[in-house]
Each structure stands twice: as structure tokens, then as C-alpha cells.
Amino acid sequence: MKDATDSFKRSVAEALADTELQRALQNVKSGFIVKSAAAKAKLPEFGTLRAEARAIKDHTLTHLDLYLEAYERKVVESGGQVHFAETAADARDIVLKLCREHGAKLVVKGKSMVSEEIGLNAHLQAAGIEAVETDLGEYIVQLRGETPSHIIAPVIHLNKETIAADFRRAHRGRPTSRRLNDPQDLVAEARAVLREKFLAADVGITGANLLLAETRSSVIVTSEGPGPLTSTLPRTHIVIASIAKIVPTLEDACTILRLLARSATGQEITTYTTFATGPRRGDDPDGPTAYHVVLVDNGRSEMLGGVFQDMLRCIRCGACLNHCPVYGAIGGHAYGSVYPGPMGAVLTPALQGIDHARDLPNASSFCGRCEEVCPMSIPLPSMMRAWRERDFAQGKRSRIGRLAFKVWAFAAKRPRLYHPLAGMSVPLLARLAGGRGHFNRLPFAKAWTGTRDLPAPEGKTFQQLYAKARRRHRQ
Amino acid sequence: MSAPDEARAIVLARIRSALGVATLDRARRSAVARRLERHPRGTIPAQAVQSPAGCIARLSEMLTKQGAEVARVATPEDAVHAIASYLSSNNLPPRLRMGSDLRLAALPWREAWDIGRVFGRAEPTDKACLSRALVAAAETGTLFLASGAENPTTLNFLPEIHMVLIRASDIVGSYEEAWGRLRGVYGERSLPRSVNLISGPSRTADIEQTIVRGAHGPRRLFVLILP
Amino acid sequence: MSSASDAAKDDPLIGLFVTCLVDLFRPSVAFAAIKLIEAGGARVEVPRAQTCCGQPAYNSGDPADAAAIARQVIETFERFDYVVAPSGSCAGMLKVHYPRLLAEDPQFAERAKQLAAKSFELTSFLVDVLGLAKVDARYETSVTYHDSCSSLRELHVKDAPRHLLASVAGLTLIELPESEVCCGFGGTFSVKYPDISGAILDAKLHNILSTGARTVLAGDLGCLLQIAGGLKRERANVEARHVAEVLADMTDAPAIAATREPR
């Protein structure tokens, strides 16, 4: 427990000192925040759609078993296969087994957060199967052996020079004198490199933004095209998605899609939205011949029926990250989780246990902006508070902290004790500050005075002054 | 790891237990069946409700804003001329890949006799492909392209240039209307292997938030609207 | 302070919720609040049996202590027509969170809801309930205003303070860029995660300094302690005050964290 907290504090310190990262995080504010506000302003019905989307997901979650069965039935009817995975390990094994069955040596991956969550790539590599990320940001992150720092903008923390260096290092057989100065150059090279991979791959693995029970489709949104290419070119298409991704119908998808891009990047729609519904049919000249869906539980079913159920409404738009002052200060890697930011602060303890992720729900000022911008109206601060309750109940926090807190709580419940105590401490502190009016150093207050001055109490408590004034008034 | 059937049973059982429901709950089952049967529509934004002329205008406007090039042509002859001139003015070889779509085949290709047409799925070396969109939703400038021999999916993604033909009468206002059309063609609850909603050329902003075209899919999207 | 005989017996009776930070760090805010409420035509009492709204316990994950404090607050304040706090964060606790906290308590669930219905942050109370359109105050300074998160998001207070500030003679209000972004205080967050709190504060200070305003105001002392502490550490030439002080024309005393040499 202490290790996780130490590691968080270290990561935070590193992130705050990282000038490149800090510059990049500014882009998030000026980019995503401004653009998504503009996109929402252009859609007067946004509020209504938001309420409807919430109702759709709530209905689906309270009937999740039945919708999963309906979805599965339809996939199987049309020649696909559905595999349920209880845990991350099960999901990895299932995908590996499928890859082996289909003789895969090279796998291309369209964007999938859940595949990160279960650690799929490492598992495949260990078994001798090359797994290449094709979403540009994810590809770069993979080259660097890193994890993404944002759920929809994976390399928001990198500048183009860094990426150019990575490409030169990783892309052999290309003239060293070639130009890699601009984003255009980098994208063109990535396109060429990844095109070869798409064409050579045996298996394509995508995530799904939505799974539709009505038509058994999996829906993936991208602006670049890795989704459709991954789901069209290789012989085998594996969709890997959490059980919470189900929605009932095409119409429900319409409502949610109207919210997704606007909340994520401020576009009105992502360039490509692909509805994939099974393997090749009779007259299809292209498309996969095998279609598998791996439905991952990994802790979601436990979240149902309780205070964390609403978290399963998440559509992974990233709006909460973009608007969070904490994320904006430390970036995604400091969270040490596949899912950073406010949504990660709620989801990570659910998936990994509060012991391993204690700092995430605690490192929040509860400003409430996340909940305000969430298109699915997820009460993120309340759920972070619920994690704090579970954390508190375990009683594992620092002794001094707990003692100080206990003393405070004892006094706060007893005004007759509290007021005299305050009446003694406040003048003392005021005198300690002398005429300066503030402390830049104070015993027991290093946590505050490390970064800012502490305004000093001003002489007496209000209760003392008020009592005195009333006495004078009565005389 | 549990056997496949076991895993399924366990996950479903966990869900039911967490929700506190019984498997054979009739009320829940009919609620689900009803929603799937009726697929009710939600709120359709005002910007998605347009007259036919408004739909065409909005589709063009949105597609253009999202980086596509849009041309309205008056006749099938004009369409073929527009395609030929697009290829030549962009220094592209006069070669076009397409599927077996009858309406595309029926265009007066003799008007551009030098364009070599090849058929079937796209090859990586294809520079320009032509598909027909079944329907388009004007609300966000979104073309709906269905897989199949008529318009193979690879045509949408492999070439540098993707050209899409759409008839004005196939341009509707909202996504819901577009899906309604598709339901009409493919059946109430069946869709072809893939339906691709395309709203512009391929783009990425992953590198320093700078927008670059042609990340994986086509660099350019040329949309022709026929009456 | 007006005498009991001045106020008409059927003027609404307000219970002032002082807030622990005001009590300990800046009593003048509460005196300013009393003056304003009385100017608005209401009577004010300050029950002694109050300490804190319980938010530190609540946000630390200790609902038991928070609920105990909440019950005490309800018992003390439910006799008043209204409960007013010079703090969006404490008012939000009473208005939004007490009902949730005590939802399962058969004795207090209803009482919590009733208290919530009559609990208000100061400026929104003055404008929305008492109908105060202007104040009798002068402050010839350029001022910028920080919206505290609770005021904004829990209580939807945005226009009320600006409305009243507009009536202060000689005052120039310069809108703060990103006024709706957190200052980084967040209660115990400010001491549990001081580096992050400090980084968020830096952004807020940057915005404040960019306005060129001489004074920054807010309706929450927590935010103000954070901001004033930061301004002082930067040795910036900007003062921090609670909006109530300016509205109540009580700006002779030193600003927050300012030197308090006797005059």
C-alpha cells in the first residue's frame, strides 16, 4: 500500500517537473476543451440527448444479462463466435488460443483500451506472435515501450522531435537522410509502415465503442481508419470488448454517437464509424472469413447493482480527463493505470482493488467539472468519495494523519469543547505570525507551506468576537 | 480457466446475482424483447430535420468542412466528366477501381473512354476507387457505405483517393432515417457484413495536435451528388 | 449590529452558519455577512452550537462523523427561516449532501431535506431570496472574481455576486480567464497532495495576474486562503478578500494574509 503511494508521489513529482509534458498538457486545455464546448454549443439538443443516453445505458445495465444473451445469439446465428472471459487472464488466453488456431504470426490491432487493460500485447509477444498497434498514437507508444497517457490522445505528451527520433530508431531500411521534420512527414511514414502490416497480418483485433444487441454489430469510431482496415483486411477479425459496451439498438447507437465525438475532441462525428457485423457473406469480395467476439468481465459484473454501477455507462470519450485540473497538472502516466483521470480514479480501484490504487480517488479536489462535462452523467466525485469511504474503513492511512483527524472530529462534534480550544489556538497562532499576517513556515503545516504561504488567523475567533460584541451591546 | 460454456454461465450468473434478478423473470424478458422489436427513436436534433434541398446543402457543407471535396452534378454525363477531370487535374492515372454496383456501371463511361475501369476488391496499388453510398445523413455530412460485391469495403480505405457517388434522393437528414433506409434494403434486424459511416478523408491529430490527412485511409474524399 | 427592536418581528430570521474557516481565520467575513443580511431586511442570529459543516469528514470517507456533525447542525439550525453561509462549499454541504448523507436515517432524513431547502450561500441568498439589487458600498479598485467550484456546480451561483459587485461605487470588475477552473484547494486535498494543489494554484495565479486587477475576490474562504497564500509566496501585488467584505463596505482592514501592523 505504501509502495503504491510512494510511487504515485514520485510519478507526480516527475510529471510536474517535466516541462515537455507540461507544455503538451496546455494543448489539451486549449484544444479539446475549447473545441468540445463549441461543438456542444452548436447542438441545442445536447442536454436532452445526454439524458436519453443515460436512460439507454441504465436500462441496458439493469438488463445486461439478457442483452448479452440476445447479442450472443445473433452473432452465432450469423456465423460468428462469442467467447466470455471472466478475468483478464482468461481473455488473454482466449485471444492467444484463437490466434494460434488461425495460425497467426502477425496481428494488427485497432484501438482497444480493454486490450491494454488485460495486457494482451505482451502475452502475444511472449508466445512469439507479433502484435502491432495501428492507431497512430498507440503505435508510437508501442515503439517506445510505454503506455498511452490519454485514452483518446495517446501521445499527447510527446513532441514531434521525439517521435521522429523513435521512427528513425525503429524503421530500418529507410534512407537516413529522409525528411522527418513535420507531422506530415511522420504520418506519411507511419502510413507506409503500417500499410505493410495491415496487408500482411493474419489476424485483426479491434475494440468496440459499442456492441449492438439488435443487429449483433460491433461499432468502432476512428478518425484515421485503423478500425475499418483492421476489421476488413486480415482473414480473422477478433473484437474484444467489455460486457458493459452493449446497447440495444441502432437508434440507441445514434443517440450515443451524437454525444461521443463532441465530448471527446469537439468534432461533430469521427471520420469513420464502422459497424462490423460478422464474417464475409456469400458475395463479399473482401472482409474476414472468421469473426470472433471476446466479452470481458474482469470486475464489471461486480460493479452492477451497487454504488459503482453508473461507472459502467462510460463511453470512453475522455472529456473528464480533458477538463480535470489534476489530470491537467500531472498527465496520464502519473496515474500508473491504463485508465487515468477521473474515470480512471473510479474504474481502476474497481478493477485492481482499492489497495493498489488508493491515491487515485484521493488525489482529487472534487471540483466537479468531470461530472459536469460527462456525456453519460456519471457522478464521478460521488464514486471517488465512495472509494474514500472504503479506504477509510480499512484504516490503513498514516498514523499521524488518522490521529489528527480523530482529534478534529472529536472536537467538531462538541461545540462546547471546540470553541474554547479554538479560542486558545487562534490567538496563539496570530501572535506567532506577529504582524506579518502569514506564515511561510509553520510546524506541522509543511504540507501547506511547502508550496504557498499560510494566511495567519487574525487575533480571535469569530465566536469570541461576536460574544464580546453582544456583551458590549447589552451593556 | 473455465470451459467456454462455464465461463459464459458464470459471467451471466454473476450479473444476475449482482442485479438481484432471477433468470426466468418474465417482465424483464419482455422489456428487452420489446425494445429490440420496436427500436424506438430518441430525440432527433433540429439540424437533422431538413427539406430535401436543405439536406443536400447541409451534406455538402458538412463534408466540405470536414475536409472532403463535394461536387453537385446535373447529369450522369457531368458526373463522368467530373470524375475524369478530377483524375487528370490531380495528376492521377486514368484508372478507377469499382465494384459491381449497377448504378455505377450504368453511368455513361463512354464520355471518358480513356478511364480504365477495374473491378473487384481494392489492391494496395490502386490510386483511385469509386463507390456508391446507399444513403447519407446530412446532419453531420455522413455517407453510409455497405459492404458487398457492389461496393467492396476495401475501396473505401485502401486508395489515395476515394470517390463516392450519391443520389440526391438518397440524402436524408438524420442517422435514424438513414438506418431506416438500410433496414428497408437488408431487413429489419440484419445488416451487411459492414456498414461504414464516412464523414471525410482520413485524418489524425495525434502528433502535436496538428491535423494531418491520410493517416491510414484515403487522403482525399471526393463526393459527387447526382440528382 | 442593529438592536433587536429595530428589526420587525416578522422579518425572516436567518441563522448564520459562520463556517469553521471564517471562525478561525477571518471573522470579519461573518460580520460583513451579518451587515449585508440585515441591510437586506432580515434578522440574523448566530447560534453558538456550531463548529463545522462536516465536509472534511465527509470527503475523507468518514460518513459516520460527518453524519454526527450534520445532525448537530440540523438540530441547531432547523428553527430558522433560512440558513446562510458565506461559503459555497459549506452551503453546498448543507443543501446537496446532508440529504444524501442522512437518507437512510429515519429520524433525520426528512429534517435534512427541509434544512436543505432553506440553506443558501450568501450572495445568492441576498439576490435570489431577499431580492437585494444593490449594495451601499464604495471600493475604487479593479477587481477580479473567482467562482468557487461548489458555488458554481452544486449551487449554480454565477450571476449573484457579479450583480451585487456591479453596484459597488468605483469598482471595476475584470472577468477572470478560466474563472470556473478550480483553484486547487479542495479541502484536505491541499495538504494531502500539495504539489498537485500547488500546480493547479499556479495556473489560477497566472490567470489572476493576467487581468491586471488589484484585488481578487471569491465567496469561499478556502479558495481565498489558497489563492492569498499563493499570491503572498509569489510576492504579487494583488490583494485577496472575501466578496462579502467588499459588498458590506468593510475594506478598511488588511486583506487576507496581509501585514497586520497596528495603525
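Chains: A, B and C, in written order; residue numbering restarts at 1 for each.
As a working rule, a contact is a pair of C-beta atoms (placed from the backbone, for glycine too) under 8 Å apart; a residue touches a chain by one contact, two chains touch by 3 or more.
Fair warning: this is a prediction, and the values are worked out from it, not measured in the lab.
Colleague: Using the touch rule from the top, work out which pair, A-C or A-B, shares more C-beta pairs.
Modeller: Between the two chain pairs, A-B has more contacting C-beta pairs.
Colleague: Please identify the chain with the largest separation between its CA centroid and the CA centroid of chain A.
Modeller: Chain C.
Colleague: Give me the ID of the chain with the smallest distance between its Cα centroid and the all-protein Cα centroid.
Modeller: Measuring from the global C-alpha mean, the nearest chain centre belongs to A.
Colleague: Averaging over Cα atoms per chain, report the distance between chain B and chain C in Å.
Modeller: 54
Colleague: From the mean C-alpha coordinate of chain A to that of chain C, what's the distance rounded to whole Å?
Modeller: Taking the average C-alpha coordinate of chain A and of chain C, the gap between them is 33 Å.
Colleague: Taking each chain's centre as the mean of its CA atoms, how far is chain A from chain B in angstrom?
Modeller: 29
Colleague: Note which residues of chain A are touching chain B in the complex, please.
Modeller: Going through chain A, the ones touching chain B are 27, 31, 43-45, 48-49, 52, 56, 59, 62-70, 72, 74, 82-86, 89-90, 93-94, 134-137, 140, 153-156, 158-160, 163, 182-184, 186-188, 190-191, 194-195, 198-199, 213-215, 217, 223-226, 228-229, 231-233, 243, 248-252, 254-255, 257-258, 265, 267-281, 283-287, 295, 297, 301-306.
Colleague: Show me the residue ranges of chain A that touch chain C in the complex, using the header's touch definition.
Modeller: 12-13, 16, 325-326, 328-330, 362-369, 371-372, 385, 387-393, 405, 408-409, 411-415, 418-419, 422, 426, 433, 435-438, 440, 445, 447-448, 450-458, 460-463, 465-467, 469-470, 473
Colleague: Name, in rising order, each residue of chain C that touches chain A in their complex.
Modeller: Checking each residue of chain C against chain A gives 1, 3, 18, 20, 22-28, 30-31, 46, 48-52, 54, 56-63, 65, 68-69, 72, 149-150, 153-154, 180-182, 184-187, 189-201, 203, 225-226, 228-230, 232-233, 254, 256-262.
Colleague: Which residues, counting only chain B, touch chain A once they are in their complex?
Modeller: 1-2, 4, 7-8, 10-12, 14-16, 18-21, 23, 28-29, 31-32, 35-36, 39-43, 45-47, 62, 66, 99, 120-122, 124, 140-142, 147-149, 152-154, 156-157, 174-176, 179, 183, 189-210, 212, 214-217
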